[in-house]
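Written below as structure tokens is the structure these notes are about.
All chains are identified by letter, namely A, B, C, D and E, in their written order; residue positions are counted from 1 within each chain.
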Amino acid sequence: MPRIGVFVCQCGNNIEATVDTQKVADETKKLPGVVHTESYKFMCSSPGQDSFKKAIKDNKLDGVVVSACSPHMHEKTFRRAAEAAGLNQFQCEITNVREQCSWVHHDETRKIGTDKTMDLTRMTIQRLKKNRDLTKITIPVTKRALVIGGGIAGIQAALDIADGGQEVVIVEKEPSIGGNMARLSETFPTMDCSQCILTPKMVEAELHDKISLYTYSEVEKVDGYIGNFSVTIKKKAKFVDESTCTGCGECWEKCPFKADSEFELGLSKRKVIYTPFPQAVPNIPVIDKTRCPKILKDKCGLCAKVCGPQSIDFTQEDQLVTEEFGAIVVATGYELMPNKDFGEYGYGKITDVISGMQFERLASASGPTGGAIRRPSDNTEPKNVVFIQCAGSRDEKRGVSYCSKICCMYTAKHTMLYRHKVHDGQAYVFYMDIRSGGKRYEEFVRGAIEHDGAMYLRGRVSRVYEKDGKVIIQGADTLSGSQVEIEADMVVLATALVSRPGADTVAQTLGIGYDKYKFYNEYHPKLKPVETVTAGIFLAGTCVGPMDIPESVSQGSATASKVLALFSSDKMAREPITAEVNKQTCNACWDCVTSCPYVAIEKEEIKDRKGNVVNMLAHVNDGLCQGCGVCVCACRSKAIDLNGYTDEQVYAAIATF
Amino acid sequence: MKIPYYPGCTLNTVAKDFDTSAKESARAVGFEMEDLEQWNCCGASFPLTPDNIMGLTAPAKVLSEAKKAGDRLTTLCSVCYNVLKRTNKVLHDDKARRKSVNEFMEDDYDGSLDVVHYLEVLRDDIGFEKLKETVTKPLEGVKAGAYYGCMLLRPFDDIGIDNAEAPTVMEDMLKALGATPVDFPDKIECCGAHLAMNNKEVVQRLSGNVIASAANEGAEIIVTTCPLCQYNLEGTQESANADTPNVPIVYFTQLLGLALGQDAANLGFDNNGGATEKFLKKKGLI
Amino acid sequence: MENELREKAKELLESGEVAVVIGYGFNRKKTRITPVFITKPEETDKLVFNELCVNNLSIYLTRKYRDIQKIGRPAIVAKGCDIKNIVVLITEGQTKREDIHILGVTCSGVVYKQELFKGELKPEIMPSKCHNCDVRNPHVADTVIGEKSDFTPPEEPTGMVFDKIKEIDAMSDSARWDFWNEHFNRCIKCYACRQLCSLCYCERCITEKNMPQWIETSAHPRGNLAWNLIRAMHLAGRCTFCGECERGCPVNIPLNLVNQKLVLTVKNAFGFESGIDENVHPPMIVFSEDDNENFIK
Amino acid sequence: MPEEAKIETEGVFEPKIMAFVCNWCTYAGADLAGTSRMEYRPNVRIIKLPCTGRIDPLFIMKAFENGADGVLVSGCHPGDCHYTTGNYHARRRWTAFKDLLAFTGIDLKRVQFSWVSASEAIKWVELINNVTDDMEALGPFMKFKEMNKKGPNQG
Amino acid sequence: MKIKLGKEDIDSSLIQQIERVSGETIKRCYQCGNCSGGCPVSYAMEIPPTQVMRYLQLGMVEELMASNSMWVCVGCLQCFSRCPQSVSVANTLEGLRQLVLRKGEDHDRIEDIPLPMLKNAPQMAIVCGFRKFVS
């Protein structure tokens, strides 16, 4: 007869409010095999755990059920405690009676909650009776990290990991690292020049002997698991030999062909052989193969003629490399919602309606106007500029329902930069709320209003149209209750920050989750903000959701600490949730082999003493098996079972129903 | 191709000319509009309160009749289009309201009709390319401002026949007729609609804005799709003070008929106020 | 044709290419057709092939008959329909193509049950599979014996099984339930269906797994239903519609209906037909990202 | 109160629903519904599995045999599977199994399939409420309950 | 102006009635002002659209009933069309109108309509007008 203990947590009043935990404890005590039950205020607290451990020892329990919060919260906590008390940790099971019972059934009589808790606990008890002792699996760790995305978050992560003594590869899609931050003019609330603080870090990353930069590259395929990822990276053809190019610039000076500059968001042109911006790292140009006449129709080739070190190679092809990593940091960043998404603001057709990022380029000393504020249509200095906040944000009908978080601050910054550059100009800001939580942020916004004279109007703009060379803004000031019309020279939209196109594909390649906006899911939004549910893959920066530079940098550093912790020993332990083959009943039909998503099942040769192969049977590679259980269902003779989720455990739970 | 057609009250009476020119034009480009055998007023307003079942029954009756004639129904008047199409959608999507409405009807109707505006037939069935080929008297040199108003565009999810903020279907039609469309910001603003009944001041102001906006962008003539817009704009034009620009207002089927070679005498320009005829004469079109 | 078959069998045994020929022969009283295992060239005269050879001999290639496999490399007399099972067995690693010699026989249909045969093969005594047969000329074989058949199956499958499936599909839920319960309730759990099925080759059948006992072994309607449905699931995408299970059922449960229903499902949903190509994985262990999912909310 | 009436008022039918869900999406989605303090009908008992790929048709049969009035199967949306493809395998199995069940005369409202992601707490709540409503409308699942009453082979 | 606010104002049965009749959820409005910005008749309303929603949130139905806003709204749906929260002020105002009209209190009398108007105006104007202003 098993000796089972049941611990029902009140979670303060979180569970107790709708579940009579004492009654649950009393009733479950009557079940066969249950020898100890108790209800306690906070099982996860240290006195709670102490009494848990004591009860295990005192009652010589061989299995414990904790009916408390979701196993995603505290399964580890209690399993660790059970182990400390001498139990195999897989003899500890959690019943989820908070997230899936007490919090979702608001019955004041507590009947519904109590009944359901009892049911659920009974199911867990019966399941527990079928649990087997399991031991963790140890696997080797490749001490080499991959950082996907070379923006500020990725750079910070790479620098910190490298400073911790481990090797890092940064994969960046663009020809240069730097990301969106490289585009910014100055940064709130300190007004540091963005490039002044970013470029030293870019250079440091380039020169660091533990960091390799794979620019103009993308991740194609990810295999393996924590500690042992095998990643295929596509290095797109740059048509320039990186080892010999000196970055002298002769080629792009001489190149006679131009295209819209992606980096300048269409505000100016770049050459067809180009670096995205002058401080690019690495300072090696690439050829835009979709526009280069030499590549397209074998004409021109001027760049190759003027190149001193003969670095131009028109025959280069995309290259696939496969490398091994122990951990992956995802820092793929964000984009702004395109202006064409805003119907009432002219669908991006009104030239003088620009995005906040375009304004950054206008205000940047290295931008297309050298830092002078000029409106795109006629290059004149705009005297009235209207800034529209929440363009696309907090608009669940046509945009995104969330707040983009950084726009309040950068719009305040824009009005300041504008006033500093156009002394007789007037800035107007349409806002719904000003969200300036952050150190020195509120003071910064007040400064924009009080010192730099920005006119803040609380209301949304209904419509923007052109009339007689002006941009007419029709909106409301809800504080006075009036309609407002402003004849402006230029409009700046604080456009919503959205995930990158293809963010979902990247997530699928990596096997991590994402929300409906294609921002990546943290393992836990509060307590595991940089982890994903896929062990060994971490998240930093705006690929998770809107955030500002300080936050992105913090997350970069946070992922680095996670990676370094993982790399601190040569081997790591893994949950033993893996499939196992019963060699007596395996039919060798190989359905499991075919259906396994991980190529974790091998055909094992069974030999007799003389070494002759007498049979072939399926065999699960513990290192590769991730424990999904697809093979278990594929196996008709039930010769495979999944540890931790065995047929017997599931059966016991269903049978209790 | 024959399409059942719902004339509606206004186009069957005071604006009969618009209706006949539309039918003639249809014939010229290759389709036939067949009046429903039985029809009643659509109510001229879609009930904005969802609990107003009675407001749905009149249009539901029309739709139910139309279903007997075929799977599609076309209209000319923007309001009729709005009311019928929205009612149709409610009856299609909302089982509870469908049931309530059907309790008041002889034959049950399930919202399976496809309600289309005349402009949609021209655009999607005929095609403006084909229309262009049919034109016999191109409206050359006519700078026309297409005025959409509300009912053809909003609410976009339920009825919008074109982009709600930047529609182009009328401009495309005008282009096909040989005219030069003029885009103006107020083309999607309201004319004042039924406030004509008790609030002339608002109508004059709103319609006045529309006219001024069109004139400001260089429109010589404003083209409407809704008989009520037509009435409001015309009325505003007539009683306008000196600084309102004098821009003739025409219904789109009038221009259509003219370009397709119909006799100008039958197009009802004489009811549009003197300015229209004067303008068309000046352009050598009549 | 029989002579041709016997000659070939003899040749194979004599040359040592095969150790045993699995084929059809008469019982001692010469009243019934029964499987024969010929190991000596001189005994090949016992081999027969006629319209009574309805049995699917592919079962002798499975692990259920290890003693036959121990004899050595087999040659097997197989109709096109039987070859389909052999193909599935090859796909599932139960035998290797090069390890067997398939004596494919062309076929113009067999009787459903020998008792029905009155000297003439009439359509009404042929099983549905024969009416729709697309493999009267064996599609995978080392040797093909017999004259080429020019039979083309109808575009839409016809016959009792298909008519009955349509009839059941048109029934109400409760009528369907009653229909099946009436049949399944007769089940005595003799497992003849399983024994006769060459694709039911499991080392240990799911019913014999008792920790946990997913399917009740007593002949209770509950376990009967579970057994018959789960067996059908295990055959989904594999069953070739050979009909042996139903033919062998002592209580006449129309198993062809359930199995064929899933054959149709698999064909419609995944465009797969079993037993055609040994290099294609069966549909239930692979997937397509574009699979229809209109039933999933 | 007369005894009969009492039984009737107490005997309000509360359907028993068994849900087989995957750990990474639907289970987490259900957790989120809790964290967000949403409310839904209490009739569902969840059995957590690593992946929908682990959900064997046998589970569904067993649930019915044990008196479930309805079964819900739910996991990650296509493309979102934590194990990359487990749900695609599951989808194939369900396609065949649901046809088989329907062919046997089991109302497919009794077995419902869905995709609920970790962020779709609202979808989860609606799903549970709808499934419960469906089962309530259908009434107790008598087919299996009656069968359970029978002895072996009584026809 | 000073208002005294209590739960009974916010949750009043009248507000619930308005929500039921109009089908709109009043608390969805987050007062961004887009409706007032785009409303063609906002200028003529004593209480402009955004404030209408605010008044309702505060339970100030009386003030709304006394104002002209509901009679000026022409139902062009520009408010709904651009509302980020998918709230229709037009529907809400129609709900208010219905509250009055369903009590049999007409806003307009046929006698007051000028004859030339009745004679010449398109029927649709009259039909529609009567639906909006007369019980």
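Basically, contacts are C-beta pairs under 8 Å (C-beta built on N, C-alpha and C of every residue); 3 or more make two chains touch, one makes a residue touch a chain.
Since the structure is predicted, the reported quantities are computational estimates derived from the model, not experimental observations.
**Q** Find out how few touching-chain steps suffice to connect chain D with chain E.
**A** The fewest touching-chain steps linking chain D to chain E number 2.
**Q** Using the stated contact rule, I'd like to know whether A-B or A-D comes out ahead in C-beta pair count.
**A** A-D
**Q** Of all the other chains, whose mean CA position lies farthest from chain D?
**A** B
**Q** Could you find the chain whose CA centre sits the greatest distance from that of chain C?
**A** Greatest centre separation from chain C goes to chain E.
**Q** What whole-number Å value describes the gap between the mean CA coordinates of chain B and chain C?
**A** 69
**Q** Can you compute the centre-to-centre distance for chain C and chain E, using the mean CA position of each chain? Integer Å is fine.
**A** Taking the mean C-alpha position of each chain, the two centres sit 74 Å apart.
**Q** Just curious, how far off is chain C from chain A if you go by their C-alpha centres, in Å?
**A** The mean C-alpha positions of chain A and chain C differ by 53 Å.
**Q** Distance between chain B and chain E based on Cα centroids, please, to the nearest Å.
**A** Taking the mean C-alpha position of each chain, the two centres sit 26 Å apart.
**Q** Chain A: which residues touch two or more other chains?
**A** In chain A, residues 344, 463, 595, 634, 647, 651, 655 touch at least two other chains, as defined above.
**Q** What are the residue numbers in chain C that touch two or more other chains?
**A** 206, 214, 284-286
**Q** Can you tell me which residues of chain E touch two or more of the remaining chains?
**A** Answer for chain E, listing residues that touch two or more other chains: 78.
**Q** Let me make sure I understand the interfaces: which chain pairs count as touching?
**A** A-B, A-C, A-D, A-E, B-E, C-D
**Q** Quick one: in the complex, what on chain B touches chain A?
**A** For chain B paired with chain A, touching residues are 163-166, 185, 216.
**Q** Chain A touches which residues of chain C in the complex?
**A** 63, 92-94, 201-206, 209, 211-212, 214, 234, 281-282, 284-286
**Q** With touch defined as at the start, can you tell me which chain D residues reach chain C in the complex?
**A** 57-58, 61-62, 65, 78-79, 85, 88-89, 91-101, 103-108, 112-115, 127, 143-144, 147-148, 150-155
**Q** For the complex, which residues does chain C have touching chain D?
**A** Listed in rising order, the residues are 168-169, 171, 173-182, 185-188, 206, 214-215, 218-222, 225-226, 229-230, 232-233, 236-237, 258, 261-262, 265-266, 269-270, 283-289, 291-293, 295-297.
**Q** Of all residues in chain A, which touch chain B in the complex?
**A** Contact set of chain A toward chain B: 343-344, 346-347, 349, 463, 465-468, 472.
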